[in-house]
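Two complexes follow with subunit A in common, the first pairing it with subunit B and the second with subunit C.
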Partner chain A sequence: MRLDSSRSLLVRLFILAVLVLVPPTAIVSYRALGAFEQGMAPEMDKKAAIVGQDLRTQLERAVGYGVPLERMVGMTEFFAPVLAANPELRYLAVSDPDGRLLYLHGAETAELQADFRTAGFGTGRDGHKISVGPYFDVALPVQAKGGAVIGHLHVGFDRAYVTDRLANIFLDVAVVLSVSLIVAFEVLLFVVFFNITGPLKVAGWVVDRVRRGDFEHVPSVWSGDEVGHFVRAMSNSVRRTDEAYRGLMAYIEEVRTAHFDAGVVARVAEVADRVRFLFRFSPDGRPAPLGQRMATDIRLPLFLFVFAEEMSRSFMPLYAGGLATPLPGLSVEMMTALPIAFFMAAIALASPWAARVTERVGSSRAFVMGMVPAALGYVMTGFVFGLFDLLLWRVVSGVGYALVTVAAQTYISQAAREEQRAQGLGVYVGAVLTASICGTGIGGLLAERIGFGATFFVSGALVVLSGVLLARIMAESEPPAVVAVAARPKFRRLLANWRFTVLMLFAAVPAKMALTGFLFFLVPMILWQSSLTLSEIARMVVLYPLVMAVTSAIASRLSDRFQWRAGLVALGGLIGGIGLLAPVVLDGTLPIAIAIIALGLSHGLSASPQLALIPDVCWTECRAFGRVSIMALVRTIERAGSVAGPLIAAAFIPMWGLNGAVIGLGVLVLALAAFFAIASGAYGSGPHIETEEETA
Partner chain B sequence: MIARRLLLALCAAAPLLLPALAGAAENGASAEKGTPARPYRIYMVLYRGWEECAKGFKDYFTNQNIPVELIIRDAAQDKSRIPGFVAEAKELGVDLVFTWGTTVTQEMLGTYDKVDPEKHITDIPAVFAIVSQPVGAKVVPDFKSSGRNITGTSYLVPMETQVNLMRSYLPARRLGMVYNPLEANSRVAIDELTQLGRRLGYDLVAKAVDLVDGKPSVASIPGKVAELKDAGVEFLYIPPDTFLNVNRDVLTGAALEFQLPSFAAAENPVLNSRAMIGGVYRYYTVGQLTAYKAEQILVHKVAPKDIPIDAPKRLSIIINMPVVRALGVYPPMNLLGLAEVHDPEAGP
Partner chain C sequence: MSWSLARKVSAALVAILVCTMALTAYFGYAKFAEQMSAQVQSRFSFVVFTIKRKVEDGLSLGFALRQLRQTQDTIELEKARDDRVLGIEIYDASGEVLFNTDRGGVGSAVPEAWIEVLKGAPGKAFSLTDEEAGVVGMPLVNTLGKVEGAVVLRYPAAYLEQGLGEMLGRLAFELVLVVSGFAMVAAVAAYVLLGAVTRRLGAMEATLAKVMAEGGEAVPDPGGGDDFEVRFAEFVARSREAVEHIRDSTDEVERMDRLA
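This part shows the complex of A and B:
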């Protein structure tokens, strides 16, 4: 995100936003957490009472039938389902009147025995509560028929449970807070750029031209605020000058045609020529409005749009898995992978068409057109009954996504002609990355609270909002679509360039395979199986764009400074592949977190050097077909990797299980990356022109 | 002319119409209950007197407000009385026949390959109950349909369910069984248990009681139980066998004496003797289910051959607590939670 000359203003605004938003939210959240913590303790006691009394009744019934307390049978099977149904309970136990443990399930005898012997639960009331090591223990007396206490039933809570719950809520609050900050900042950026810096920049251009004697343009701003007044006043000055010029010229013409003194006529003509030489005015007497088409204009709509798509990132396989019903010849895993693969395939296949539509109707209109299928797709995704309608609506959304992203890229590259290209690209990548962070984090949190369906409705609403915003911007300025119809690159000629082919097949494709196969598909399923909540899963998945955002900023600087591109791409690929092998040595969710971070690191390192490498390795092709169409082709090839990723992962699951599929994918990605690392050694550096010589 | 003709037509139709009209009027009167005033006449033939199944059958009609007139006959374990009941039922022209037990059912209704309209009930619909092997005894060709004018219920719990229940109480590796070699049911049970054992991982030791003068000897039972105990049997299986049912006290008493837990396939050895546990469909419930089938035939006019033969859905696990205490082999807590506990010593 390049903020150029407005940087200091924006930094100050951001600080202001933080100051205004964070303290009150933090205070309110802190208070709420306090209240929650206080409410937890009696809630736990109540739970212990309900669970404990039911178990005790059954124990007392058995005792009443003459089963001695120390000779109960099947106590593990008796306790196990109760513990399974109540995750906050850690153990259940029965002790004799001396505090000796008779039965215990869920904890180690050694942890409790010593404390139990000294606790002296007595004969008295229910709910005698003690702290034992990491547990709270609530004891309920068990009575024989005569009323004599013959032992105690113990319900054990994890003391960390409360802290865990609080930490979870705290993290959720933190996610909401960060996301609202980012959204607030995006809105601020939009407001500032669209209403203040944008018009002022246009005004600046006009003033600059005027300084050089160019009165052909007026700034085109219609807003009614102070900026609008100022710019309008300036336009009026330009127009007045234009009128004065025309008055002068008319007068000069009059003098030239009517004056008797040839000397005067010559002098006047000379003056006119001088004026014409020094100043330029609109030939038709109407200074043309100078558009303020800037890449930053569509940042907010694009942000909202990508936000909407990313909301389902952390739970799409879970949603699909719930709908999948076994079909002959198609495993449930494969059916779960299909929605992701279909979505990616829809984007890949629709992109060339989207480019043609954008050429025909202009990028802004194409952007809005893309919103319609996207919004429809999301809303209907929330309504689906089975896997097949889910696939249909994912494809519809994918088509919309393709149209919007192609249109946004075209818009930015057009707008960037007037500015710097790099800045334009930065706007696109920045919007997509921040939206990815925000959308993923909020999506999981929302789905946990309002359900999958409702979350898709929110996605749909966001797309509509984005469309409304964009329609407003369009009303302001829509320059004619001037997309140069690019020559269709010849596949064969490109692929004959081995550097390009190697870069695609051994770096770009495996990167996307790891992204969709692992992060989009396997991660939600693995974490869900490890019984993480939806918001916890989302917080894990969000690590990827976070790490990537930080890394890519550093990597692009490194790559620019040292011209170190192929090396970074190779390094990135290896890191990603190795990260996926983490489940080989570690158990649980930690290796998954490591793999996600490694993947973020990997793509952060390699994404921008990889883009920068393309003009290097196919310099002649870029010249022949245009960079834009080469890039479009690159994206299409990458998308093939995106489609393959979940399908390959799904094919691995029945053979090796979920973690095995991660490792399998890791081996594949690592092998490809290793090949690239070796091959890239032969790249040399700098542009390659031998291909040109060959074809010449 | 026309009027006269119409009158004639009405007179001709009158015999047909009148009962229908009368019925309609009566139905109108008792419309709330939706039942005809004339009770259905059911001819019940029992084999061992009035018991739980017959009681469940009768109570069902009472609870459903279906008026029935029960004509009750007891063969009192004497096969020779049955032909007389066939004749009486035909003579009375009853609406339905109820038969209790394999013998009564076979004698009254015939087997599906040997039905004689002279000797058996054929025109009157019939329901049977407490037939342990409806197919094996050739009462019906299969459980889906009798193919004739009868239907009924089965009352035996599937063998696998029984074995699983037994082994959830005590994971025994060796089951034992004392049986009457003259009873076909027992052989069927041995075959089933042996086959299941191969799959579930246990073996079966079966001992036939001695035959004295071609009759099974009661006195030999305790010895057979002792032999089982010596063979390392951990659980005694008591099949639904009439001879063993009659001599249940001897059998279960011996089991208790030799500290052998016993499982009964019928409720009598548990409720009225000293078997430790039973997994059964209660006779009362079976009676009710049989009455439900009778209702389908009488009230809803469903053809008996369209009503499948099945057993109640709910299994009753009965634990005989005095025996449990005497043996000191206590039931797992979860099983105890599901079971009906029979504990006459504890009082209500």
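This part shows the complex of A and C:
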């Protein structure tokens, strides 16, 4: 195991996390399921008995009127509605005193007959319960007027009924466990990077300098653990050497200024030169602390923040729908779409301001500043009474979100050196994707149990936790907040670059339209209308980040290896558009699942290549205005699609219904993607410098 | 307070374990309570349904609801069959209680919500809850389809906890045991896993102190030494060399200063 490399330690710790989390969850779930089955069994027996008693009363009344038990007619019609109204019951039957089946509905005679002939059901009025193959059978004696038992009425239910009903628990447990493992991974990643790998990497830089005779720096690490202790010992060693050097230099200086023999003065000067030649010490009077921010430092706070936002992903339109009332000129659907559109618009409009704030106060402080409106927005969203309050607080949350995400991206781009920028971006994308998976999954479950409002309070608490964590990180390693202010890109000049314009309007914008219009807005409404529970909706929505996480890793490699960028963007757009057309040929929730998977695949394929394509397409603009500024503008244009998505979908609903809106959105996205696919054929490959020549 | 690496890692793992188990237990219990509640409601709904059928048989013969005197016996018999039933009431469309297993309640008015529910969805079964009781009910409909009133059955809202308190207590105890056991496993395993890192750092620190104080050489662990340890050994050597060189230089300057 390498001390300054985290991989092997992380793998071991993650295996430990799996060992500590999976077995106890499995043990407790298994024990609980057994206990729950036992707990429900008496209720099942009581239900069977009460149904049986009612049916028996009617049978005995018929027998009392003189109809022989074995010659009754219409028994199937008698039993059928009872079974239909009580789905936990599997069959109803009547047998004679020898156990021979006279009437049976809901099961096959062969399944029961042999057991019935040998069972011996008894004569107690409360009935007798036996196990028959895959069923439990409650037999109630049917008596003639004189009290003689003339047969038995049987009520059967599946032995596995309770298990089947409780099996959903395992889906919930699986979601909780998956989220816990991801959270454990994120927390361990943070603990290892922040406490071990990061400090040892800094220590390693000082080690390398000292190996070259450079004693100018000491590692800036302040933790009280073993790593901190070790690094302090190193620092003390460097400081002692520095003190010895300064003592020598002071002595030499004293000799040089006070000694009367010029020969001695010259010789001590030679000694000083020799020491300075062999070793280098800080000119500032003591070794300077050497600290280094890591892109990974901010990953856990960012993860928690995005987790908080994603918790409402699967139910925001349902929450808004419950508050929406139609206004003149605005349908209920349009009102329902507004909170998503306003949130996206707030992010788009606040992002340039957020960039300026980040430049002014530094990324860490901007991150913490963003958490204030975000947390306030989430908590107040939980308290809203009407749609207009909701819109207000979603805008506040959106402003916070813009500040935090811009600050996080700036922090990472400053922390990662140029050659490691892709890895830095991976930290951001990784945190966002895993948070999206966890937040969406657990958010639906929580909302189902504690309600929408309380789930927003949990989001607010997570944002506060994220802020506390970040404040602690800042306290230990606050970097200087000096950022070069880049020239603002000229929008018109960028739009004159046809490749850029086509990429934005026919690839980036439609992708975001599909994301917000379909996944964020239409999917929760359609699935809720299909009687899916909130946790089931969340499990469907979570397919998107799951598929995207897997696909984007592959697509990034393909894109880098074969320089196949425009093609992947075009392919992704087409897949997304075609996926949205699934409701044309299929009914129910299956086409929605297909469309979600297709969208995940689409964005997984196109997101990274699209980002990688920008520097090629805007080669001269990136040189003129800086890549960061161009990327910020790209984000802003994309968000126009995010705003438009739910509004377009909402406009389609009154005309074509929910599924029709999906298809309408699909046609629009597919048409735009098809145009891009055709246009991308003219893109060529590599940087496009002709734009510079044209504009020169 | 300074925490060791193992303590930081084990604290993180234990916190996640506790949260996971708490959420698992909460969601599991909630799902079970939901199923159990549905099953209990289903059983009581059937009881209500049988009463409804009998009352509607009487209504179809042309009797008014308040004239069906045998209904009082029917609801008392059903209550007597199940000790979980708190009470059964039959009220008319105006909300006046006509029959009640608690005979003192006859003539009183039902809560407004019980009347509202008849207006909202006539002909459909309904369930309500108040502070202490769960309520399942069904409207009573005459042959012309008019809602004449409703029959409702009340059962204890804490039915689940009362009936299964012991089982849930046992499960909670098992949960605490399992969490405690695996928390200890996490703590011990974290100490073992991070022990190697701690030992190597401690050894390097001790070597640094020894070499700087007494001289000698830092030798990377031949078994487990990695690139960092090799570089660190050079760091120690270079630091020692610098200190010795400075000391020799100081002696040299002192000598020159004294001899002159």
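The criterion applied here is as follows: the second predicted complex is superposed on the first by the 533 of 696 C-alpha atoms of A that agree within 3 Å, B and C clash if a C-alpha of one lies under 4 Å from a C-alpha of the other, contacts with A are read in each partner's own complex, and residues count from 1 in each chain.
Methods note: a residue touches a chain if its C-beta (ideal position, glycine included) is under 8 Å from a C-beta of that chain, and two chains touch if they have at least 3 such contacts.
These numbers were taken from a predicted model, which means no experiment stands behind them.
Of the two partner chains placed around the shared chain by superposition, subunit B is the only one that A:R61 touches, whereas subunit C remains out of contact.
Counted by residues of subunit A touched, the larger count belongs to C, out of subunit B and subunit C. In the superposition on chain A, A:R623 contacts neither subunit B nor subunit C. In the superposition on chain A, contact of A:R360 is made with neither subunit B nor subunit C.
In the superposed model, A:R276 lies in contact with neither subunit B nor subunit C. Of the two partner chains placed around the shared chain by superposition, subunit B is the only one that A:F78 touches, whereas subunit C remains out of contact. In the superposition on chain A, A:R286 contacts neither subunit B nor subunit C. Once both structures are placed on chain A, no subunit A residue is touched by subunit B and, in the other complex, by subunit C. For subunit A in complex with subunit B, the residues that touch the partner chain are 58-59, 61-62, 64-68, 71-75, 77-78.
Subunit B meets subunit A in the complex at residues 321, 324-325, 328, 330-337, 341, 343, 346. Against subunit C, in their complex, subunit A makes its touches with residues 1-4, 9, 12-13, 16-17, 19-21, 23-25, 27-29, 31-32, 35-36, 38-40, 43-44, 46-47, 50-51, 54, 85-86, 88, 162, 165-166, 168-169, 172-173, 176-177, 180, 183-184, 187-188, 191, 195-196, 200, 204, 206-208, 210-211, 213, 215, 223-230, 233-234, 237-238, 240-241, 244-245, 247-248, 251-252, 255, 259-261, 263-264, 267-268, 271, 274-275, 278-279, 442, 445, 449. Taken together, the subunit C residues at the contact with subunit A in this complex read 1-5, 8-9, 12-13, 16-17, 19-21, 23-32, 35-36, 39-40, 42-43, 46-47, 49-50, 81-82, 163-164, 167, 170-171, 174-175, 178-179, 181-182, 185-186, 189-190, 193, 196-198, 200-202, 204-205, 208-209, 212, 224, 226-229, 231-232, 234-235, 238-239, 242-243, 245-247, 249-250, 252-254, 256-257, 260.
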